[in-house]
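Dropping a structure here in structure tokens format, bear with me for questions.
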Amino acid sequence: MVKIYAFVNSHFKVFNLSEDNIDDIPSKDELIWVDMFSPSSDEFRFLEKYYEIEFPTKQETEEIEISSRYWESDKDITINSYFLVVDGDAGHNETVTFILQDNFLVTIRYRELKTFGECLRKMIANPSSFKDGSYIMSSIFEARIDLDADILESLSRNVSNLRKKLFANDIADEDILESIYHYENLNTNIRDSLIDKQRIISSLLKSRKLSDVIKDNFRIMIKDVNSLIDFTRYNFDRLDYIQNIFLGLLNIEQNKVIKIFTVVNVIFLPPTLVASVYGMNFEFFPEIHWRYGYLFAWVLMVASAILPVYIFKKKGWL
Amino acid sequence: MVKIYAFVNSHFKVFNLSEDNIDDIPSKDELIWVDMFSPSSDEFRFLEKYYEIEFPTKQETEEIEISSRYWESDKDITINSYFLVVDGDAGHNETVTFILQDNFLVTIRYRELKTFGECLRKMIANPSSFKDGSYIMSSIFEARIDLDADILESLSRNVSNLRKKLFANDIADEDILESIYHYENLNTNIRDSLIDKQRIISSLLKSRKLSDVIKDNFRIMIKDVNSLIDFTRYNFDRLDYIQNIFLGLLNIEQNKVIKIFTVVNVIFLPPTLVASVYGMNFEFFPEIHWRYGYLFAWVLMVASAILPVYIFKKKGWL
Amino acid sequence: MVKIYAFVNSHFKVFNLSEDNIDDIPSKDELIWVDMFSPSSDEFRFLEKYYEIEFPTKQETEEIEISSRYWESDKDITINSYFLVVDGDAGHNETVTFILQDNFLVTIRYRELKTFGECLRKMIANPSSFKDGSYIMSSIFEARIDLDADILESLSRNVSNLRKKLFANDIADEDILESIYHYENLNTNIRDSLIDKQRIISSLLKSRKLSDVIKDNFRIMIKDVNSLIDFTRYNFDRLDYIQNIFLGLLNIEQNKVIKIFTVVNVIFLPPTLVASVYGMNFEFFPEIHWRYGYLFAWVLMVASAILPVYIFKKKGWL
Amino acid sequence: MVKIYAFVNSHFKVFNLSEDNIDDIPSKDELIWVDMFSPSSDEFRFLEKYYEIEFPTKQETEEIEISSRYWESDKDITINSYFLVVDGDAGHNETVTFILQDNFLVTIRYRELKTFGECLRKMIANPSSFKDGSYIMSSIFEARIDLDADILESLSRNVSNLRKKLFANDIADEDILESIYHYENLNTNIRDSLIDKQRIISSLLKSRKLSDVIKDNFRIMIKDVNSLIDFTRYNFDRLDYIQNIFLGLLNIEQNKVIKIFTVVNVIFLPPTLVASVYGMNFEFFPEIHWRYGYLFAWVLMVASAILPVYIFKKKGWL
Amino acid sequence: MVKIYAFVNSHFKVFNLSEDNIDDIPSKDELIWVDMFSPSSDEFRFLEKYYEIEFPTKQETEEIEISSRYWESDKDITINSYFLVVDGDAGHNETVTFILQDNFLVTIRYRELKTFGECLRKMIANPSSFKDGSYIMSSIFEARIDLDADILESLSRNVSNLRKKLFANDIADEDILESIYHYENLNTNIRDSLIDKQRIISSLLKSRKLSDVIKDNFRIMIKDVNSLIDFTRYNFDRLDYIQNIFLGLLNIEQNKVIKIFTVVNVIFLPPTLVASVYGMNFEFFPEIHWRYGYLFAWVLMVASAILPVYIFKKKGWL
């Protein structure tokens, strides 16, 4: 599906490309945005020819080196940027392609993206601020960075809650580990997407194709991106800390059991010694022949079991 | 309750909106501040009509995404900002709504707020510095950030004291944990409120509705906010550290008990061995037939119990 | 005691206020500094009237909120700032009050302060650089920040030495803990005093009462203060680390004892088993009837005690 | 192999130096880049004479002090910079020499380097942006920093995966340690190479030989380098953390075994006590003579083994 | 030994002060540098008189407060700066005195210093860049900061290697501790020397005696110093981390021994129980009278020793 936005007589015109209306397609001069959503190869070929756009190959889109993520030629700037999609679990980074050529922007994506809708809303509300494609691109990036910030804040809130639950002992051990794992992955994905944006914007700032107004916007954006990257670090620190505390608590739990059984161990040793003593085979052995020798042995055993623990408790060692 | 502040002949005029005086209400031109405190729906409807203010819906106010916390249209800027209210425990963040339209400011809140009083004090002391609504908004934010700083410093002082108490062993284990829990929550709330301010001010700085003077104020404010966010990080670090030390001390306490009982364990083993030896049934067994064999066994048992501990003490292993 | 410094015919004049010379008191125009050291209430009243100074109440001086620590009116700027006094132990923060009014400065303090002497020295050495009260205030703050830096460096040197001592095992356990406690408190006090200065200077930079030259000085100072706050963080990190290592070493010391006694434990078990075996009452029991059965048992017992330890040593498990 | 790039009539001319074509060699004026790849000593001597280039000695190239890595004379700037080569394992830093003299650049290297190819690609795509040698040097450094960033990101992704594997218990202990070791070394090498670039660029910025345009490029580059150095720190932190968690898990694993065996230990003690009791030799000993005494003893033994564990389980101590 | 450098007819002239040539001594106007190396008191007195230099007393030189390390009067600037001398072990900080007066520099030192030689080399290579004493001082500081950076990098490399050795278990425990101790001290000394430079340069930047060109140099230097101080922190972090890991490994080593012996302990308990059982004295005791009772007991004992360990191994608890 391809939507083409043109600027005719200071009004936006939206054009849904289909076989039926191919003759009414806006001219290259009026063009400001070609938004390609899961385009077919026919659509690719048609636009390539009609508007003389050079599309990157699929392979180039999937490369992860900066030289494949930002490429500037005499004719255009091609950008492959990560857009984090939060779907159920830890989300994943979708690649969205931007081509900035003359005064229009081409975007290629294979997913419904909230940020595109938001940009459109702003375009409709304030058409005069979107003079050419670079303004649209700037607006999409801005919306995207805001969305990343929202995701980060929500993640940070979840991490805080996890900490509280661990504190209140209000959560099973496996759930803690699973949550840490899940949040770590999400945080890593956000960080990847932000580092990607940081590098792309840094490259855009070096370009001579963008106007100073747009560059000023990007300069503020890169500051926002930097403070968000700081924010992901804060999240990592908190998660690391939670896992650390969790291991610490587990260790103390284990040691508690060891402690109790070490104490119990000592309770049985003295009576065993007593019993062993009266199992000796000496010929001359007075207690053996006593009338209440056996009873005496029992008293001794019980006393020897209780006494040490009693003493240690008194001394505050227990 | 709605208070309306107007600027008439270079003097402030305060106007308490009620059904009786509705005819004396200041005109839209003179208006600089409409302060709505727990407004009724009647008051909403009246102001909406009379001054042509567009209020956000209740639902929009409660959204936590930045696009709902800062919204700029051709007509106005709408801001939903967190104001931390410290009530007994860890406090919570109240949402206060600001609408900046033409030359006046509208604020909507459902709580008595210290910062509003302070701003009013400054307005009375120095009326000439409050030319329009943006100055009032800037002043409220400034007072709010100062208040956050005060709360942070007081929290930091409490954390220091907690550390001292832990050090001096002057506090029960549960109280430490409860205090950490409490301070962590308060610190999280302050941080949330500051991050909120950081993002709102960053958006305000991009707006073209504010004058350069006001923007300069906000630029200094955002630096203050950043250093306060750093401060919350310092508090988190200190709290994490206290909990770490606390777990470490607990662990050492447990190990001390284990150590003592492991030592005691070893005291009983040698005499038990001796007793077992003299319980053997060999036919040829000289000691059994000795006159003082039993006594000899006792001497052996006591000696074997004391000797190892004595040796280890000498060797400095204990 | 009140000393009044005036600037008459491009020369400083010092005036010690007393009942005798009250008629020679400098006029308000010539005044550049009123230094009040533990002033009596009479002196307060006299100066309040004579120079029309508005003094803050004692209660206002002791408030710790920024709004009470920095207060700017149309007439003057009132500042209550912490000055760290290192007296024997961890020191404490004294409040010193500055009132900047017209072209003169009023300072109120209840302690001999090194920084005031140093400022005076500089005034005498270079009178032309102290045109009005703001220059004196700037100079006192500068000297104070330098002094804080000196205290911090000396503390940092002590912390390094503590670390070395812990390393060389050259210090008793309690002394380590006491030193950490002491240094932590001192560091906290320095930090409080620096945060206080940071906030006051930040407020001064927003004021319109100060000249650009003075503001440039304060701008350099706030950078110095920021790097000193960083320095306190470094000290905290080092102290935390020392305590961490200390707990770690303590834990290893305890575990060493547990280890030794666990090993000793195992030495006694095999001979006890042997002895128990020969204490069995079987009718058909060949060893019992042997001539050297008892001797044989002893050999077995000794061998069984030594063998396992020998094997483990060989396997490198010990 | 020596390739000489000249700029003749606003076109690039590439010249492969060999014995055959030595007469067609570009003049010194047209020269912009002499790229020496594993040059022979003959080639060194020829170029030294023909273009009056002063080559550093081999020894000077290998020094690691900054004064040997950046040297500026009246005539030229000589730079020895690290280029990280990732070959199989943790990679190593190759030294590449740059000599910037008049309007041309000389590079000496002993390895095929990707960044040189990329720079060439850009030169061909956009010849007009490479007016003299300093532009080529700036372009090579830029490509190199981008490559370092790519390596860092890929390393960071590997570290994240290692963390996930540790979490999912999906990897052998030795593999974890080996991976940490490997990644640490790679990260250290990247860091060394970035610190090297930071210092070289900082020296270049102080030089008066470079134009402002080139310096602006280097100023953006040094910011990128700084944020990449930050990135290496992030990687170190993550790796440290993984090793920490790994040690923590190992410790808990060990303690689990100790716990289980401590518990088992206690199971055997009570029945041993019972058996010892009925091994006593008292004359008056009723149970001994019972018909079912032996059976009774067995019941007692089993019960005494089970009971404590049962009680502890109920009390939640196990 | 005193060397005097003068600038006569745009050429440097070096003058070695001795009794013989005292008449040819350069005049004060031509003077740019007086380099005093372990000067005698005679030399001090002569120069004090001849060039009207005010030397600080020995005591003033050794003070460590900033007010004694940087002192500016109407006539001159006196600086006492730390120069780290790496001699065998952790090095120590030598104090070097700089006096900047009119257009010449006086330096006092008691050691051969590499940085002075390097500065001289630059002066000879490029005399026109050293117009007066401030340029020489700037050049010495620059060389010194470069040297500090070299020492830091070399230390950082050693720390990395230590980490690798710990990892590869390729070093004795005491050597690790000794190396950490040694590196910590060196790092502390570098840090002290850098903090010293940071404060001195910060004071120089506030002075009105220096030209803007020189100040620009110092501004770049202070940035370098700041990033080097960051670098020392990185080294501390790495060293702390190594010690942490070292303690962790030691702990695990100890626990391994405890674990093994706890397991061994449990091996001996069941056979001891069996033996104790057959040592009971019941009248009615069938096994006692069996022909192969003793053999049966042995089978039982061996089985009871092996079985639990076998079961635990199967259950994966071991």
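The first chain written gets the first letter, and so on, giving A, B, C, D and E; residue counts start at 1 in each chain.
The working rule: a contact is a pair of C-beta atoms (placed from the backbone, for glycine too) under 8 Å apart; a residue touches a chain by one contact, two chains touch by 3 or more.
Note that the coordinates shown come from a computational prediction; the quantities given were computed from them, not determined experimentally.
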If a chain touches chain D and chain E alike, it appears here: none
List the centre-to-centre spacing of chain A and chain D in whole Å, with centres computed as mean CA coordinates. 23
CA centre of chain C versus CA centre of chain D: separation in Å? 38
Could you list which residues of chain D touch at least two other chains? 244, 251, 255-256, 258, 262, 265, 269, 272, 276, 279-281, 285
Starting from chain D and stepping next to chain E, give every chain of the ring in the order they occur. D, E, C, B, A
Where on chain E does chain C make contact in their complex? 64-67, 73-74, 177, 180-181, 184-185, 188, 192, 195, 198-199, 202, 205-206, 226, 233, 236, 240, 243-244, 247, 250-251, 254-258, 260-262, 264-265, 268-269, 271-272, 275-276, 278-281, 285, 287-294, 297, 301
Considering only the defined contacts, which chain B positions touch chain C in the complex? 118, 125-126, 143, 146, 149-150, 153-154, 157, 160, 163-164, 167-168, 217, 220, 223-224, 227, 231, 234, 238, 241, 244-245, 248-249, 251-252, 255-256, 258-259, 262-263, 265-266, 269-270, 272-273, 276-277, 279-286, 308, 312, 317-318
